[in-house]
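After this come two complexes, each holding subunit A, first together with subunit B and then together with subunit C.
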Partner chain A sequence: MRERKGELFLIAGFTGLVTTLFLAFNWVPSVNINAFESPEAQRIFYWHVPAAWAAFISFSVLFAGSAMWLFKRNELGWKLHIAGSEAGLACGLIAVWSGCIWGAAEWGTPWDWQDYRLNSFALLTLLALFLVLGRRSQPDGVESRDTFATFGFYGFVLVPFTYLVTRIWVIRHPGPIIAGDDASSISLEMRLAFYVGVISFTLMVIGHIITSVQITRFEQRINRLQGIIDGE
Partner chain B sequence: MAEPVLELSNVTVRRGMGVVLRNFSLTVNAGECVVLYGENGVGKSTVIETAARLLPLEEGAVKHNGRLVYDAEGRSVNPVNPFGLTLQANCLVPSQTIQQQLDNVVAVCGKSCDFNSVLEQYNIGNRRNDKIAHLSGGQQRKVAVICGLIPGMVSHESRLILLDEPDSGLDDASVEVLIEQIHQLRNLGHGIVIASHDKRMRECATSLHNLSVVSQQEPKHSKSWEVSATEKSYPLLRTKIGWNLNLTTLVSVQRNWLAALLVMGCLLSIADPLGLSENKMILMGFTLAPAFTMGLVGDPVFKILMEQRSVDWWRAQSNTIPNSYLESIISGIIFTAIAMQIFIQSTDYRVILIGGFVTLITSFIVRFLQMSTVRLPRNNAVFIRLLTPVLILPWGLVVDYCASL
Partner chain C sequence: MEDRTYLSIAYIGMIIGIGIWTWTVVSRNRRLASRITAMEHTLKVKHDETEATVPLNDDIK
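Then we have the complex of A and B:
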């Protein structure tokens, strides 16, 4: 059962994600039609924001793992680096992609290259993509681990920047709603669906991290055995 | 007592997933020649590259001429004295001639000297004005070995010389010339470390080291090397070398200029500037796009230095390597001026100057990103350019500012 813990989290997370979709499209009331250009598109919010939240958790894991590898040469740190970058990429892509759809409907354009929030979040996702693809392009070794961990460590500076940037400059992306000053404008049903989404994405990320750490451990064990067979 | 020119103090170095050197120490004094030998994978090249500051240390420190050059804490200081370095890769720039390559090494040493007789000894005197790319593998190796010996050949003061498999690919006559020159340079007071499988090279040694056992031996008596170099200062050396590399190879024309021309062509093919005269923001974006594109293509000199690991030779000598900053700013200015004439039909010197800086700063950031992955075993395969979209936002802000001028 202990070895299946990751899968259990993943199943719970995916079930929650499907439930969130169902609630968002069938149960949550529509928003004020005067406040939005495309009120129905606002339902993407129940996936978009929880995905961004889960991406931030993943990037925090990436940061912690990178620091553990860089400063302590900790093997678990490297496994967390791998898991954090993969989960960050998945959640980041969901947030960016859903944001583009919402933006196309609401603003009339899927992207604004002059909006700080959009750009900094996209950069975080690109950083995760770079770490995932870059790692696969290199043989495993201290040189590649150090290089990618350095990017993962310093790239974390974008997380607080991305979170805080809409509190300073609101260009196109709106400021915080749930944790912001307008929290009272959201109904109970909306809050409930939103929190189901947040919990589901969080469970999914936890499940992915546990599973990824296990897979990396198996890969390393196979490599060690391969080395023994090769007489190294 | 002779002063140490190289001290490796309890260094631990990892390569791949293994620890190659663990608490390894080595001291080489002036007038000594240490020959490292042993089977493949024992760590000979790792010792040479560690001494040359190319590998990060897990533990320990490295000193040249008694001064710390780098350590496990991350401190890294340029060596006060240039040192000789020949790695397994030749570290040459194939588009340069032999003469240009030697001139660069001599300039790094702050000297002026003619190497005709040395080239003659290695039987490549008649090829001095040929491009390195046109030489055979063995001839290229001869040039690489001479480059490694030059810091010792031009200096009376003790210098460190590091040679990794210098005999590899050399004919018998050249190996004999090399052995004799090593004797002469050691007699002059230089400290030399050689990694080699060739038993003939052990003749040079005052110490034979297989990375666990050291044995002393009496080297052959020989005369000292006669130094004929004169002092010369080379201000802005790395910028000048970068400029010369650009001129001789025209690499910036084929990479950066071509990209800028293509972007201008694409923009002209989709939009008529006269029809957009009301939209100053878009026209300004079109005007600054070629300058931005040239920067995104990256520093052309860096691309040249990546051939044959030449960048490692420069990284070993100094924390700064040749650059094309001057060429970047000039190219940016030229292409912004042309684009301004095409798209806006006017001239604003402020915008043209800003275009130059857009190319310079963009190129600098791209180069910084590339440099940060230079240690990777397959650094050409890494997806570092995925991070360059970060530059679009600042470029957009610059366009916005220029449109308001």
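Then we have the complex of A and C:
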């Protein structure tokens, strides 16, 4: 049962994602058609923001794991570093991809190189990509772990920067619509669908982190068993 | 392209991506679990003996 806990979270999260999709298409009202170039494309918001939220959770796990490894040489810390970077990459890619889709429909271009929010979030995702690919191309050792953990630790500075940037410099990326000022309020249906999306992505990312930590533990056990076979 | 079609394609792309990612993680987890069971059975070692932390190399200590 313990080994299936991650899968239960994943199933619950995936079910919630499909539910969010259904709500976004069939239940949530459309936005003011005069306020948007492409009002229907706004429905991607119900996955885009929760995916970015899940990416921030993953990067927080990456930060905590990197710190645990760097300062305590904690094995669980290293497992959390791996899990956080993989989940951060996946959720970051979903957020970037859905943002590009919306940008192409609403702005007429999928990317704006002058917008701080877009570029700082892309940097975060690229950091996760570097950690995932770099770790797979290097032999596991203290030096390589220290290098990757240092990037994971200091790279976290981009998280609060990315969060605050739309409150400070609103260029092209819309400002906060949840927990923003009064002008940013949305209808109850929109809010409920949005929260279903947030809970689903949170469950999904927790499931992935639990499963990924377990995979790393299994890999280490296999190494140990292989050592017994090799007579070490 | 009609807005809803465009949006549906985007969502389908994402749900396929999430599905592949999830399935890869779950299947790897199951594969490793069954491999460990087989190895422990072959070597006749107890589960707890292989659960301990594996030292990376000597200089980690």
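Following the convention adopted for this analysis, the second predicted complex is superposed on the first by the 228 of 232 C-alpha atoms of A that agree within 3 Å, B and C clash if a C-alpha of one lies under 4 Å from a C-alpha of the other, contacts with A are read in each partner's own complex, and residues count from 1 in each chain.
Quick note on the criterion: contacts are C-beta pairs under 8 Å (C-beta built on N, C-alpha and C of every residue); 3 or more make two chains touch, one makes a residue touch a chain.
Being a predicted model, the structure only gives us computed values, none of them experimental.
Chemist: For A:Leu17, is the partner it touches subunit B (first), subunit C (second), both, or none of the two (neither)?
Modeler: second
Chemist: Can A:Phe153 be said to touch subunit B (first), subunit C (second), both, or neither?
Modeler: A:Phe153 sits against neither subunit B nor subunit C.
Chemist: Counting residues of subunit A touched by each partner, does subunit B or subunit C come out ahead?
Modeler: The larger set of subunit A residues in touch belongs to C.
Chemist: Which partner does A:Phe9 reach: the first (subunit B), the second (subunit C), both, or neither?
Modeler: After superposition on chain A, A:Phe9 lies in contact with neither partner.
Chemist: Could you say whether A:Trp47 touches subunit B, subunit C, both of them, or neither, answering first, second, both or neither?
Modeler: A:Trp47 contacts subunit C only, not subunit B.
Chemist: Examine A:Gln138 and indicate which partner it touches, taking first as subunit B and second as subunit C; both and neither are also allowed.
Modeler: Touch status of A:Gln138: first partner only.
Chemist: For A:Leu127, decide between first (touching subunit B), second (touching subunit C), both and neither.
Modeler: Only subunit B is touched by A:Leu127; subunit C is not.
Chemist: Between subunit B (first) and subunit C (second), which, if any, makes contact with A:Trp97: first, second, both or neither?
Modeler: Once the two structures are laid over each other on A, A:Trp97 reaches subunit C alone.
Chemist: Determine, under the contact definition given at the top, whether A:Phe59 touches first (subunit B), second (subunit C), both, or neither.
Modeler: In the superposition, A:Phe59 touches no partner, neither subunit B nor subunit C.
Chemist: Find the residues of subunit A that appear in the contact set with subunit B and again in the contact set with subunit C.
Modeler: Subunit A residues touching both partners: 73, 140-142.
Chemist: State the interface residues of subunit B toward subunit A in the complex, per the touch definition above.
Modeler: 14-17, 56, 58, 372-373, 375-378, 381-384, 386-387, 389-390, 392-393, 396-397, 400
Chemist: Provide the residue numbers of subunit A that touch subunit B in the complex, in ascending order.
Modeler: By the definition above, subunit A touches subunit B via 73, 113-114, 116, 119, 122-123, 126-127, 129-130, 133-134, 137-144, 146-147, 150-151.
Chemist: Under the touch definition given earlier, write down the residues of subunit C that touch subunit A in their complex.
Modeler: 3-4, 6-7, 10-11, 13-15, 17-19, 21-22, 25-26, 28-29, 32-33, 35-36, 39-40, 43, 45, 50-54, 56-57, 59-60
Chemist: Where on subunit A does subunit C make contact in their complex?
Modeler: For subunit A paired with subunit C, touching residues are 3, 6-7, 10, 14, 17-18, 21, 25, 38-41, 43-44, 47, 73, 75, 90, 93-94, 97-98, 101, 105, 140-142, 145, 204, 208, 211-212, 214-215, 218-225, 228-229.
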